[in-house]
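Next come the structures, one after another.
Both complexes shown next keep chain A, but they swap its partner, so chain B is in the first and chain C is in the second.
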Partner chain A sequence: MTAPYLKLTEISKSFPGVKALNAISLEAYSGEVLGLIGANGAGKSTLMNVLGGVVRMDSGSIEIGGKVVDIRDPLDASARGIAFVHQEMALLPTMTIAENMYIASFPLNKVRLIDSGKAVQNCKEALDSLGFSLSPKAKIKELGAGDRQMVEVARALLGDPRILIFDEPTSSLSEKEKNRLFEVIRKLKAEGKTVIYITHFLDEVFTLCDRAAVLRNGEVAGTLRVEDMTYEAVVKLMLGKSELTPERGASGARRSAGAAVLKVSGLCRTGVFKDVSFELRSGEVVGLWGLLGSGRTELVRSVAGLDPVDGGEIAVNSGGALKRIRPREARSWIGLVTENRREDGLLLASSVRANISLASLPDLLSKLWPFIDEKREKTDAAALVKRLDIKISDMEQSVGTLSGGNQQKVILSRWLRKNPPVLILDEPTRGLDVGAKGEIQEMIVKLARDGAAIMVISSEIEEIMSVSDRYLVIDRGRIVAELDSDASKERLLAAALGAGQGAKP
Partner chain B sequence: MKHAESPAAKAAAFLREYGFIAILLAVIVGFSVSTNSFMSMANITGLLHSSVPLAIWAAGLALVVMTGSLDISIGSVAFFANAVGVILMVRQGVSPAIAVPATIAIGALCGLINGIVTVYLKVNPLITTMGAMFIYRGLALQLTGSRVISVPQGLRAFGNFRLGPVYTDILIGLAFLVVMHVVHKKTPFGRHVMALGNNKETADRVGVRVKAVGLSCFVLSGLCAGIGGLFSVFQIGAVTLQMGTGLEFTAIAAIVIGGISLMGGEGSIFPNYVLGILTLGIIENGLNHLGASPYVYPFVRGGIILVAMYADSLKRNGKPRVLLTE
Partner chain C sequence: MHQESKTIVIQEAGKVGKGRPRLTAARIVPIALFIGIILSLGLTVDNFFTVNNGINILMQSAALGFMAIGMTAVLITGGMDLSIPAVMALGGILGSMYMRSGGDPVSGALIMIVVGVAAGAFNGYAVAYLKMIPFVVTLSTQAIAMGACVMITNSQSILGLHESFIDVVMSKVWIVPTPVLALAVAAAIVALLSKKSLFGRWLYAVGINAEAARVSGIPKKKVLMGTYMFAGLFAGLAAIIVTARLMSASPTMGQEGVVLNVMGSAVVGGVSIYGGSGSFVGAVIGAVVITLISNIMNMAHLSYYATLIVKGLVIVVVVAIDSRSKGK
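Right, the complex of A and B next:
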């Protein structure tokens, strides 16, 4: 092969307290698709932000086409021929495709007014060249996710870039839309562009990429040609040698689980998840393990009755027997602690007391009917504060002034106050420091020991391993494996990466 | 390959977008049948004539609303700007050739201040412009000494001047709205207004200068208030103490009735905004011809707003149209 078109040498970047990139060296050639793989926090985003001019590197050099360049800001990056297609699409829904494509640079006529005819014509040509038959006058809000993604791609191609970076572009696409996107990427490759493709999904790397670089803890753990690649090799690179021994965390030996309290069978939601069945028993913690974009959050939202489902059954234990309930009723049986505690869960300006009692106000009415029994509210809340060891100076302290760990405990207290038979925790320790993390994890295990049925979602494999009694592995909306507590890290990771589906030729 | 825009689909989309046109036509027919004076040339030109000041006054506000923001100070801004202008002419003997542009400039300046406070100091626009509403009105009352000030005779004549059967200000108003329409539909600025109304963060990411566009809309809103106020003053012949009182809500009503969403990112000058203004004018004029009590007007106006908002909500929750054809 000829000289690399893009060459990164010894790039390092530190943020306060973290070394995000540590002497990363990477090469990408014209006419190739380079896959970029790595666990969360491995440094993929930081590296791309350096290339995109969003973040400045501390040291190292970037060469494009054999020349050392300095990328100061996003404009600089696009002037060097680097374009991005982001996972989160930057589109304006009430406006047309043509308007979205040219919003920053409309073609103007002689009197400096927008030449709509030309914009539509150019847009049509751009879409056609991607083999894509959408009307440029269609509004974005009328398009599905796949078509929107194509508009993003078309816009990224406007400046005729030489290097295209796709950041998890398939996370919201259907199989068909994905294949269409792959066709486009292959075409770009054939035109001699350099494509960097960031993904969680190994099978996409197998079908699309020529080579793949695996990042781990801000370093390049290895670069593989796709022909030489196996799931095992990639998982090994992602985890690193030091972590290859299976480990058991705080939960210790498997606890004995009680009766089933939740039975989900054949649950599906079109385009989101399919045919999901599982049971939760009292006294156990089940880890729902899957990568970002695997549909794990969507699944638990539907199970908890927050989002609609298209089919399947949910049954809960009512008086000793499993009783089928309507999906919308699930919210009174299942407590869901969402990953955005600040946005979805807490009333930040309200007191600890009010936050704890929020979900169970009907139980707190005094005999003088419409009034809240504040005495009981207070004593109940105080008992929970003590039980979970929440550090506050006063029950009336506003939740916004608490640390993240204590805020999370306040939410947990709210659900314990309501005491639903099933508790689902989506990323319960996200954004917490190590100490608070450990505390919350211990608390989860303790709650299960006291008889609760708990499902935990976490992006951190160590966390899910430290609390779970068994695992459900989800990949693109399907439960692909059910593993026991003695499953090893490699096993879990391989299952979530799609090894269970036999995608590797 | 063809795109799914058959005539029938187009008609359906048009009805969904402008369904209230049907209602408006029904109302017009109703008034024409039940009174013999409504459908007369004199009444129609009179109706348009009396709609001109509001139509100009709130045109800038329409753009502000399209960015997803709000400006309820336009009534007071017009009062203040015109009070200064008329006082310059009447008491200081300044020529209208200077006083009229000064009035417009003061309107724009008031809008600039509103814009700076909202866009740069990040105060909620409703609060900013409510404060501004009180401040400018207070200033104007102070200036006029709470007295009605009449404008010179020549200018008064201008406000009611006719070319044949048509009032000249109808033509000027129409030209003004056409310019606003072109600015909105045909300039990058206009598209950027819509981009802000969609999502400011996204607009920023795709290269729109979000703050500059937001600020410009407020300036335009003040500018339009100044000009609309001038037309009103020329028609009435004086700056009255009630000038612009409650006008902000009439203006928002017209905008909403026309189908411009208060969420931003939707709507146009022609036909949305203009139809909204005309609907209000026609209904009040028609009720007048029916001999209805003036106290009925607010009731009817409120009813129309609720219906318009319901239509907006239906539109929002409707199923997306699929345009891709294989």
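Right, the complex of A and C next:
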């Protein structure tokens, strides 16, 4: 075999408190597509940022074409022939394709003004070479997601790079657009370019890649040739050997679930999720398990009545029977703890008291006056602060000054104060330290034991396993599996990665 | 001497414990400005510290205070309402025309209020339900209302208001003019409601973090709609005072300088243009400060345009302080 075109040796990078990359060694050849797989936090982004000159590595070396190179900044990276096609589309919607492609490097005419004729001409050629026939004068906002992705590819190819990195390029593409993108990538491969393809979706690796490297905790867990690859093998690499035995966490034995409290049937939102049906029963915690970008957050926001739906039914238990409600009404039945508490959870500048009572102010109106009964507001909030052991110095302390764990408890208190029949928690422990994590997880289990119907989303498989009584697995907007509490980690991960519906078993 | 006392105020403000709303620079500036102006006036103008003069200035601030209360509610939501003075003028003109044609004063006053609330509903619907930008919506409403005012009146003043209308509105309780009393009562009620009523609490919540409020089940759209209608209501109330004081109505009541005064009252009164904070009583004090600034410049024989420059500068400085304190 020929020498690798790109060779990474023992690359390490630490951020305060985290070893993001630990002696990563990786090789990629000309004319191959290398898949890069790993759970969130495995180090994919950091590694690519090192290659792109966005962050500097602490130690290690990068060789391109047999020469050791030093990549100091993004300009350096592009000078070395490395180009990125980003997941987030960084295009200016009101400008044309040609303007977007040349925004950083417009061709100039003799008097140093933009030569737009030449830009259009060059753009046309670039698009043609990708087999892509759209007018360079079309505005980006008029294009669909797939066409935009093509413009990104064309822009990345401008500097004639030798190494192309695709970061989850298919997350917003339709099947047809995806196939067209794959055609383009195969063409680039045939031209002898080195392609690194980052994805969550194993079926894409099977159809597109020659080899795949699996990252875990900042290390290369293994590299597989696609011929030798199975879901089981990848899952094993992603989880690591030490964690192979299925374990049950704090929830212990399966709890007995009560009556159905929420029934969702055939819920759809075009382009986001499709035909979602499930039931939530009182006394149980259901884990909604899916990878980032699987549509899990979008789904629960719609179920909770925050985002619109295009079809389907939501029914809630009202006085013993399931009653169909309009999706917009769901907000009064379902409490949602959103994944980003600082953004759409807390009133940071307001007091602990005001944050706890926020969802239940109408219940706090005094019987005599059209005023909020502040005494009751305060005593109720104080009771919750005590019950959840929230560390504050004063009920009037502003929530912005609390630690993450205490902030999250304030939001939980808010919903406990309102006490809706259904509670959905999206990444309830994100960014919390281990102690606070455990506390929140215990609280979730305890709430269910007291009769609440709870759905939990988490990116951490250990967390979702420690609280859930059963699992719904979501992949690209569809519920693809419903698993019991005794499902193993491997089974869960394989299901989320698309086993059973992908191209290969 | 002056400098020293100011520093002390700021240091003490810093000591105010957690929980209580901290006295930020944005809150101190209007008070300092207020005291400074009063003192300098008192030292330079004869008979300044007389009861009559005080009442006079308050009387001149009354209508502005009503409009500032309306503006404050909208600013708290993070929006703005540039149409308040124009709507006030339109309401005043329609109500006055009704009275001139022989209508009774109560209905005349009601017309002014209804016009204000209707314009507020228009603004509120566009902002809350059509998700339009408040600046654009209310600027357009302002243009529409002003255009209507001029067309209806042919730029003439509407005279011949019902005498009992003027008499009642301009009456005095002991030595306090009714509009001043009304403003004080209105400010007190609104301040109380803003802290204790459901709507008041929702108003601040939407202003602090609209998305968090929505997630918590607060009917954000209704709150916005209600807020703009509230601003319209107070524009209507202001119309009653202005027409009675001028004993006429004309399009000039809503001229561009008035928007500046209303906006100025609110921001000088410590209302943040970023939404989520500010008090109604502060806005009313701001209205008195703005009136004082106009007065002092008048007495110094400076032109109307010079006062515009000064008031514009005052607003920019206060907003700049507010921005800095918020770290924006």
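Rule of thumb we're sticking to: the second predicted complex is superposed on the first by the 499 of 505 C-alpha atoms of A that agree within 3 Å, B and C clash if a C-alpha of one lies under 4 Å from a C-alpha of the other, contacts with A are read in each partner's own complex, and residues count from 1 in each chain.
Note that in this section a contact is a pair of C-beta atoms (placed from the backbone, for glycine too) under 8 Å apart; a residue touches a chain by one contact, two chains touch by 3 or more.
Since the model is a prediction, treat every value here as computed from it, not as a measurement.
*Asks:* After the alignment on chain A, I want to confirm one thing: do chain B and chain C clash, or do they fit together?
*Replies:* clash
*Asks:* Going by the contact rule set out at the top, does A:Leu336 touch chain B (first), chain C (second), both, or neither?
*Replies:* In the superposed model, A:Leu336 contacts chain C only, not chain B.
*Asks:* Once the structures are superposed on A, label A:Leu483 by its partner contacts, choosing first (chain B), second (chain C), both or neither.
*Replies:* neither
*Asks:* Identify the partner contact of A:Cys268: answer first if only chain B is touched, second if only chain C is, both if each is, neither if none is.
*Replies:* So A:Cys268 meets neither chain B nor chain C here.
*Asks:* Once the two complexes are aligned on chain A, which partner has more residues of chain A within touching range, chain B or chain C?
*Replies:* C
*Asks:* Looking at A:Leu365 after the superposition, I want to know if it touches chain B, chain C, both of them or none. Which is it: first, second, both, neither?
*Replies:* Only chain C; A:Leu365 stays clear of chain B.
*Asks:* Is A:Ser398 contacted by the first partner chain B, the second partner chain C, both or neither?
*Replies:* second
*Asks:* Answer with first, second, both or neither: which of chain B and chain C does A:Leu322 touch in the superposed model?
*Replies:* A:Leu322 sits against neither chain B nor chain C.
*Asks:* Pick the chain B stretch that clashes with chain C in the superposition, from 55-63, 73-81, 91-99 or 127-135.
*Replies:* 127-135
*Asks:* Which chain A residues qualify as touching chain B in the complex?
*Replies:* Residues of chain A touching chain B: 90-95, 99-100, 103-106, 108, 112-114, 116, 133-135, 138, 141-144, 147.
*Asks:* Okay, in this complex, where on chain B does chain A touch?
*Replies:* 1, 3, 5, 182, 185-188, 191-192, 194-195, 197-199, 202-203, 205-208, 265-266, 320-326
*Asks:* Name, in rising order, each residue of chain A that touches chain C in their complex.
*Replies:* The touching residues are 306, 331-332, 336, 338, 343-351, 354, 358-359, 361-362, 365, 369-372, 374, 393-398, 401, 414, 418.
*Asks:* Spell out the part of chain C that touches chain A in their complex, as residue ranges.
*Replies:* These residues of chain C touch chain A: 17-20, 196-198, 201-202, 204-205, 208-209, 211-218, 276-277.
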